[in-house]
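In what comes next, subunit A is part of two complexes: it sits with subunit B in the first one and with subunit C in the second one.
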Partner chain A sequence: MSRFDRAGVAGAAVLVVAALVAVIGPLLISADALDVTRVTAAPWQSPGAEYWLGTDHTGRSVALLMVQGAGTSLFVGLTAAVLAVGIGALVGILSGHFGGLVAGALLRVTDFFLVLPALVLAIALSTVLPRGLGTIVLAIALTSWPSTARMVRAQTLTIEARPFVERARALGGGHAHVIGRHVLPSVVPLVLVNATLAVASAIVMESTLAFLGLGDPTRISWGAILHQAQLHGAVPQRAWWFLLPPGVAIVVVVLAFTLVGRALEAVVTPKR
Partner chain B sequence: MLELKNLTVHYGHKRVVDDVSLLLAPGQTLGLAGESGSGKSTVAMSVLRLLPRTARVGGEILLDGDDVRTMSWGKLRAVRWASASIVFQGAMHSLNPVRRVGDQIAEPMRLHGTNGSVDELLDQVELPKDKARAYPHELSGGQKQRVMIAMALACGPRLVIADEPTTALDVVVQAQVLKVMKRLVAEQDLGLLMISHDLSVLAETCDDLAVMYRGQVVERGSTRDVIANPRHPHTAALTAAFPVIGDPAHRWTEPAEPSAPLLEVREVKVDYGRTRAVDGVDLTIGRGEIVALVGQSGSGKTTLARTIMGLRKPSSGRVIFDGVEVPRKGKALKAFRRQVQLVLQDPASALNPRHKVLDAVAEGLRVHGIPGDEESLVTAAVERAELRPASLYLEALPHELSGGQQQRVVIAGALVLQPRLLVADEPVASLDASVRGEIVALLLRLRRELGLASLIITHDLGLAWQIADRVAVMHQGKIVEQGSVEQVLLNPSHDYTRALLRAVPQV
Partner chain C sequence: MRLAGRLGGAALSLVMVAVLGFFLFRVVPGDPVVSMTRGRPTTAAMQAELRSQFGLDRPLHEQFWSYVTSLLRGDLGTSFTFRRPVADVIAERLGPTLLLVGTSTLIAVGLGLWLGVRAAWRRDSAFDRAATGVSLTLWAVPTFWLGMLLMMVTGDLFPSRGMRDTDTAPDFVSQALDVAHHLVLPSVTLVAVVCAEYMLVMRSSLLEEMHAPYLVTARAKGLRDDLVRRRHAVPNAVLPAITLVFLRFGLVVAGAITTETVFSWPGLGLLFYDALTGPDYFLLQGLLVFTASAVVVMNLLADLLYGVLDPRVKVV
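Right after this comes the complex of A and B.
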């Protein structure tokens, strides 16, 4: 097993654990434990036997917040990445396959989104649109598809130049045939790798937006916990247990996605 | 000067070169012939110890009496290029694209501290001095190959190894390069070890010939004897693959009856931007007729074929198939493409590496939604293309097949649609000599059994002699001469046809 393989397997293991926590965790937590009006613990309690990661400014367990937040962070990261890569792949294949005016128009739109500062656009979108998970997903997806589009277009162009595509055309194959039978199967591995890497950046983006207070106020996410911690003075309280766990969790999950993406990349990239 | 004693090379457990012994005296020219995978390039690379680390080399390689295998690194460096140098295959890949060719020619002289002038070397290979300041992409294929030769001569070696120096060059340019090499060998009394799959190229330049087959030298002797009286069946197959123009024994096609025209090209012009690739071409192909379209690279023959297939729109003129103008789009074009099929030069890239043979052959059926049992139709086509029994091949991926088998799959993919015309772009150019004959025979059998007409596009006049009823010679976008094979190839009337014929290496 090469270095990448081992790193990839380790990343995959982390992701499985994170996914289990995100799916099963919320089922085991009673609604009372996260309700500020019903919690019994004192605020700003440091980590101990009862509260592993201490409590926040209202006395809620940080450990339970973390578990509850995992689902939101992963969900937003995954859906935003799938949406972004989907748009990117579609635009990339269409512009690569058709060329000419279609490609020109699509590429100018791509360039437009590519040069816009992603964070600024996402902030602008989430202030204009109604607040909610959907808005965040949309904001992230709209800002991160252009790089995928460029890459998929490049791959499409190299495939289109191969003689077997010419043979397919000579056999009478139309656009749908060439795209469906030749271009798409060659692009899919690349798209998968890209999606994995895109999830990592989407999670970071979600955390950033939530940290800036632009997230869905009704849901807990890792970024939102950081936002709360910053807002309610975790630093002057020296409540490191309120700040550190969400930060570390984000780093670990993003790293895991990156490692898995890299390992997949090594697998699908032809040798030579 | 160079002596190989019982040279054996293994890659892992695979024996690539098996007990080869060769002797080359100063001033002698030796040709090493063989197909891809016969081990001929491995022999060449072993002389300068250029094989990858994974190769295990046995036997002795004596260069001026010293064994290259055991030479110290410093000694080996001194020997490389100063006493023996290599003209590598494929000049376009062996030159650094971001450096001027003059600097690249000077590089070995600088490394070895020998004196010499780039101008003089360029002069020797008949290139003007100012080309030293050119970058590789500014030179034509033949010029790049001559730069490679100049580079090989830079340190005044006594032995030059040329590995397929003229593949990928067309006939006229090949003749020029061979002429330069021949002259240099004679003038400078060099030893030349030339490697090629093309016997006629070796016959043109070398006094002696060794034929390799599966890692072994199976025949060795003076070129004339070996070619005239081949003793080993493999040598016979190699010589048979290079037809002699004018020799009735190499004319495999039966004369066809004059027939009604199937495809007519009228005054077709095709432009790429401002360049006119095809300039007013008239061409007719009869039912069941085989027409060869010959010309140098860049003459517009491939563009013409694409236009006939409806893959490119002509700027003006008409293409008429079976009395009806070829439609330019929509369902009618799709229906037309069922009738006319394309066979490309390099079968390895004409097949999608991810598709099994079954899928590749069935692709046409699926595109046209042809009813019937797909598997039995595919099996019939594959067996027609002489891959028997078909069941052995249907599940295979292209990389598991040999070049000849891949080309048969491409042909089967065309046959499955029961076309009436086959357009074949250099159908045998990238195939090995022994396979080439089989594919040519297959095309002729398809004509006999199915009445399939073909347009064969080639730069190889020998192929035209072997297979075609009529020949059309294309030059700078125009057809300069056309007529029956005998008339055009034996009594050419146009200067360009004569020049092409002169350039064909004679065995």
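Right after this comes the complex of A and C.
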């Protein structure tokens, strides 16, 4: 196994563990443990035998917050990435397949969104729309589809220039046939790689929006924990147990998605 | 012809930025005045007053017309929280951001390109693996978290809020030293995140050149290894990397928003945070139009620069 494959496998293993924690974890936590009004522990406790990762400013266990937050962070990351890559693939295939005005207009819009600073637009969107998970997912997806669109378009153009597509056209294959039978299968591997890498940046973006206070106020995510930490002065109080776990979790999961994405990329596009 | 095309494309992008800025904050579910005054005691009469003051009671096409004409005069509207022209507020905050972003970008470009060249030239060496590993990890690190971490680790070594202390002597040297002291943590944060990106870009750009025939020629002439690198490989590989520095300007903008928020650096990034917590739609709209236009202009510069630096592009 090459170094690349090993890194990819390690990344995949991390993701399996994270997914298990996110799915099973919340089932084992009683609602009382995370209810600010019902917790009994003292606030700002450093890690000990009872609370492995200490407690936050209200006395909730940071370890439980981390488990509860995993689901939100992963869910937003995954759905936003799938939505973004879906939009990107659709725009890419359409602008690659249909030439002329349609392609010109789609390309123009893609380039425009590619240039716009994603975080700025995401902030604007999540400020004007009502707070909630849907808004976050939408804001991330609407700002991160253009790179996929460019790549899928390039791939579509290469495929459509090949003789077998010309043959399919000559035999009477329509748009649906060419796109469904020839373009789509060749685009799928590329889209998968893109989706994996897109999850990584979507998770970072979610944590940034949540940190700025634009997250869903009713849900705990890793970024939202850091927002609380900043708001209630975890830094001046040196409450490292409140600050380290969410950040480390984000870095580990994002890195895992990146490594898996890069390993997949090496498989899909063998170089020289 | 190429130049005209590029200029036209950039102009169209600027128009699209302006249109987006208008509709994003007008076609929103709910009443902007209600959202902006949420949590404050307001009567219906006061809301109506605000609506007419900001022109929100007029038909959409009239609002759009006045928005466009004032935009052309450089008027970005009036801030709801500051009760002053948005353009003035932005101009006031521009200096600190330019200082932070300028310093950090210069350091990040120098460091990133140097690391990238070293890593690519000895591909798969221990240095390459370490540099690539660190860069990939830094890429995964949320900027704001890195800032909070640095702040906690360094403790009282560096000031962590604002740009200067109020009790510093008013002479130039003391003031400059004070600002530099405040600049350390925010710029280290921004450099760390942006530098990783530049390093990876430079590395892959040089790797593309590694097997070029002209390098074989240079070696066959008997040039020393580091002369081959400095005189032949790097000058060719650095062009796309430099252009990408301009193209990734959006990244720096995003970094500035979170870094300034964490360190209360009184620049445009902190203004963004103020605008979204308000929420102050008019300020946010002005900031969106301003930063997006800046990024469009940077992209145009990157395009033009590439043509000047690399004559091969013109042939294509």
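What we mean here is this: the second predicted complex is superposed on the first by the 269 of 272 C-alpha atoms of A that agree within 3 Å, B and C clash if a C-alpha of one lies under 4 Å from a C-alpha of the other, contacts with A are read in each partner's own complex, and residues count from 1 in each chain.
One rule holds in what follows: a residue touches a chain if its C-beta (ideal position, glycine included) is under 8 Å from a C-beta of that chain, and two chains touch if they have at least 3 such contacts.
Model, not experiment: these values are computed from the prediction.
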Query = Can A:H182 be said to touch subunit B (first), subunit C (second), both, or neither?
reply = first
Max touched-residue count on subunit A (subunit B vs subunit C) belongs to chain C
| task | Tell me which partner A:L157 touches in the superposition: subunit B (first), subunit C (second), both or neither. | result | neither
* Asked: First (subunit B), second (subunit C), both or neither: which does A:L192 touch?
  -> neither
Query = Counting only touches as set out at the top, which of subunit B and subunit C does A:A200 meet: first, second, both, neither?
reply = second
**Asked** Which of the two partners, first being subunit B and second being subunit C, lies in contact with A:L243: first, second, both, or neither?
**Response** second
Identify the partner contact of A:A41: answer first if only subunit B is touched, second if only subunit C is, both if each is, neither if none is.
neither
Is A:L171 in contact with subunit B, with subunit C, with both, or with neither (first, second, both, neither)? first
Overlap of subunit B and subunit C contacts on subunit A, residues none
Residue positions on subunit B within touch of subunit A in the complex are 309, 311, 333-335, 337-338, 341-342, 344-346, 349-352, 354-355, 363-364, 366-368, 410, 413, 417
Given the complex, residues on subunit C that touch subunit A span 9, 12-13, 16-17, 24-25, 28-30, 136-137, 139-145, 148-149, 151-152, 160, 249-251, 253-254, 257-258, 261-262, 272-273, 275-277, 279, 281, 284-285, 287-288, 291-292, 295-296, 299
In the complex, the residues of subunit A that touch subunit B are 162-164, 166-174, 177, 181-182, 185-186
Given the complex, residues on subunit A that touch subunit C span 108, 111-112, 115-121, 123-125, 127-130, 200, 204, 207-208, 211-214, 223, 226, 229-230, 234-235, 238, 240, 243-244, 246-247, 250-251, 254-255, 258-259
